[in-house]
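Each in C-alpha cells, the structures are laid out below.
Each of the next two complexes has subunit A plus one other chain: subunit B in the first, subunit C in the second.
Moving on to the complex of A and B:
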C-alpha cells in the first residue's frame, strides 16, 4: 500500500493505493494524524485505487471520522469501488460517513 | 626498508672477517621477522574475540622484537580518550585502569597525528608524560609507538617499552607498523563478530519470550473458550441451537453466546472483534460479560446493544466489535433481532428457500458513543433455521485467493433442510475447508444456528 497526500483547494487529499488491511492500518493512521498535526481540518480520502479494506482499515477511517468531528472539520470518502462500498455498508459506517463519487465532487462539496 | 638492508649488508661486508657469518645472521633475522608477520596474519582467523586476537598478535611480535612490556591502547569513540585494551608486562593490571586524555603523552600524540614515534631517552624528552610511569612505578627507558589505522582512521596505538639490549631503530618501527596493520583488521573482525554475537543473543531472548508468550496464549485460549457455552441444550427443547468457534490463532476475536432469559425466551449473540490476539480476546470477554449482565426479561436486543455500546464506547477503545443478537420466543417462533456492523444473517426455510435477514444497520459496538441500535422482527415456522456467522466463513480464501463468498454460503444452505443444527455446522465447516483446499485459515470463524423444532 502507498499513501499519497496532496493539498488542493484548501483540502488535504489522502489517496490510498493498495489494500488497507491490518498490515498497513498503522501507516495510514499515522499519515492522517500527521496531516491533522499540520493544521488540516478538511479531508478527502481518495479510495479509487483501494481494492480492499479490512476491519483494521475500517478502524482507521473511524479514527479519522472521530478526529475530524472533534476538530469541527469535514471528511469525505471519495471513489470507493463496489466491494469497498459493500464493506462500509455492511459495517454500518455509511451512516456516519459522507461519500462522493469522485475527488472533484468531494472538493466541490467541501467548498460549499 | 630495502635501504637499511643494503646498509646493514654493506656494514657486514666491511667487517671482512665476520662477513659471511654476519650476513647469515641478518638474513636469518629477516626471515624470522617475515615468518612472524605471516604467522600473525594466519592467527587472525584462529579466534574472533578481540582481546584474544590482540594478544596473539602481540606475542608473535614480541618474539622478533624482544621488549619488557607491550600494550595496545584504543580510542574511545565517545570521548576520544585512550584506554588500555591490552597491557602486558609485570605492571599490566595497574596500567589497564588508566585512561589518557586526547593528545596526552606519547600514545595520545601518536593517536592524534597517526605518525609513529620512537623515544629512546624518555628522561630528556618533553613529550613524555610520566603519569602512567608514576602510577605504576614501572621505569620506562625507551618506547616505540605506532598507530593502528583502519580505513584512514586511527583506532588506537600499539606500544612496546624497554627494548631488551638496546635502542629502538627505524627497522623496529617498520616491523611494529607491519604488526599494527593486522591489528586494525582484527579490530574490524572483532566488531563484526561482536555484532553477530549480539544479534544471536537477541534472537535467543526473543525466542525465549516468544515461547513463554505462546504458552501463555494457550492458557488464554482455554480461558477464552470457557466464556462460551459448551453444552448444547437438550433435545427436549422446542428449538435446536448449536454454535462453534474456531480461532485462527491461539486466542481469537470472534465470539458467540446463548442462554435462556426465562422459560419462553432464548437470547443468542454472535460477533467479531476488529483485531486478533490478546487485545481482541480481552475485548470479547468484556463484551460477553456486559451482554450477559445487562440482558434481562423485557429488554429488546436493540435496547441491550445501545446500553452495552454506551459502556464500551466510553473509554474510546482501540478495537470495536461487530455483532448480531436476538431474542427467540419459543412458544411463537417469533424473533426480535438487532445488529451492529455485522454481515447479513440468513433464514433457511423448511422448503429450502434462503432469505437474507435485512436488519437496519448500525455501527459496530464501541465504534461511536451515543450510537443507537434498532430492532427487527421475523418469525420461524417449524423446520425453519436461522444462521449467524462471521466473515471468517465468507472471506475464507483458497490458494488462488478466491473467497468462499456469500454465494457459496447460500448454495450450501440450500442443502441443509432436514439436518440438525450440529450437522449443519459440521457440514458448513467441511464445505469451507474443502473450498480452502489446504490454504491456512487466516481469520477466526464463528457460526451459530437456531432451528425451530
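Moving on to the complex of A and C:
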C-alpha cells in the first residue's frame, strides 16, 4: 500500500493505493495524523485504488472520523468499490460516516 | 469412479509466522488458489478477509510470551464447498465466545473490537472452534 496526499480546494485528499489491512493500517493512521498535525481539518479519503479493507483498516477510518469531529472538520470517504462498500455496510459504518461516489463529489460537498 | 470430481479438488497449505507482514503472503496465497480453483472475486475476497481477521487476532494476542511461532492455514476447495483449517499453538482463545460488536452505537461510542470475528462468522456458513492439546483450531466452511 502507498498513500498519495493531494491538497485541493482547501481539503487534503488521501488516496490509499493498495490494501488497507492489518499490515498497513499503522502507516495509514500515521499519515492521517501527520496531516492533522499540519493543520488540516477537511479530508477526502479516496478509495478508488483500494481493492480491499479489513477491520484493521476500518479502525483507521474510525479513528480519523473521531479526530476530525473533535477538530470540527469534515471527512468524506469517496469511491469505494463494491466489495469494500460491503465491508463498510457489514460493520454498520455507512450510517456513521459520510460517503461520496467520487472525489469530485466529495470536494463539492466540502465546499458547501 | 469419482475421478472427475476429485480432479476439481484443490488443496494448499501455507505456514505463516506470527508477524503482521506475513499478511502479504496470505494475500498472495489466496490469489493463487483463487485462480487455480476458479473462484469468483467475491469468494476470494470473503475467504481472504475471514482468514486475515482470524490470523491478525492470533498474531496480536495469541503469543503474549513473544518469540517466533508458526500458524498453519490449509485450504481445501471442492466443487460445492471451501474448507479452511487454521491451527496455532497460541494461548486458548475461542472466537465464538467473543462478544459481538454493537453496530447501532454512534460515531463517538463505536470501536472495532470484535468486528473481525463478526465478519468471519457472517461470511462463512460454518465456523467451528476446537481447543487442541497444543493450541487452537478453527475450521471455516463456505458453501459455494
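In the analysis below, the second predicted complex is superposed on the first by the 112 of 112 C-alpha atoms of A that agree within 3 Å, B and C clash if a C-alpha of one lies under 4 Å from a C-alpha of the other, contacts with A are read in each partner's own complex, and residues count from 1 in each chain.
By our rule, contacts are C-beta pairs under 8 Å (C-beta built on N, C-alpha and C of every residue); 3 or more make two chains touch, one makes a residue touch a chain.
Just so we're clear, the structure is a prediction, and the values are computed from it rather than from any experiment.
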item: Partners on subunit A (subunit B, subunit C) - clash or fit; value: clash
item: First (subunit B), second (subunit C), both or neither touched by A:74; value: neither
item: Which superposed partner A:66 touches (first subunit B, second subunit C, both, neither); value: both
item: Which of subunit B and subunit C A:109 touches, first, second, both or neither; value: neither
item: Partner chain(s) touched by A:89 [first = subunit B, second = subunit C, both, neither]; value: first
item: Touched partner set for A:21, first subunit B, second subunit C, both or neither; value: second
item: Greater residue coverage of subunit A in the superposed arrangement, subunit B or subunit C; value: C
item: Subunit B region in steric overlap with subunit C, selected from 2-10, 110-118, 182-190 or 362-370; value: 362-370
item: Shared subunit A surface residues [contacts with subunit B and with subunit C]; value: 22, 55-56, 58-59, 62, 66, 90-93, 96
item: Contact set on subunit C toward subunit A in their complex; value: 20-21, 23-24, 27, 41-42, 45, 48-49, 52-53, 55-56, 59, 101, 103-104, 106-108, 110-112, 115-116, 118-119, 122
item: Partner subunit C, residues of subunit A touching it in the complex; value: 19, 21-23, 52, 54-56, 58-59, 62, 65-66, 69, 83, 87, 90-93, 96-97
item: Residues of subunit B defined as touching subunit A within the complex; value: 272, 274-275, 318-320, 322, 340-344, 361-364, 367-368
item: Contact set on subunit A toward subunit B in their complex; value: 22, 55-56, 58-59, 62, 66, 89-96
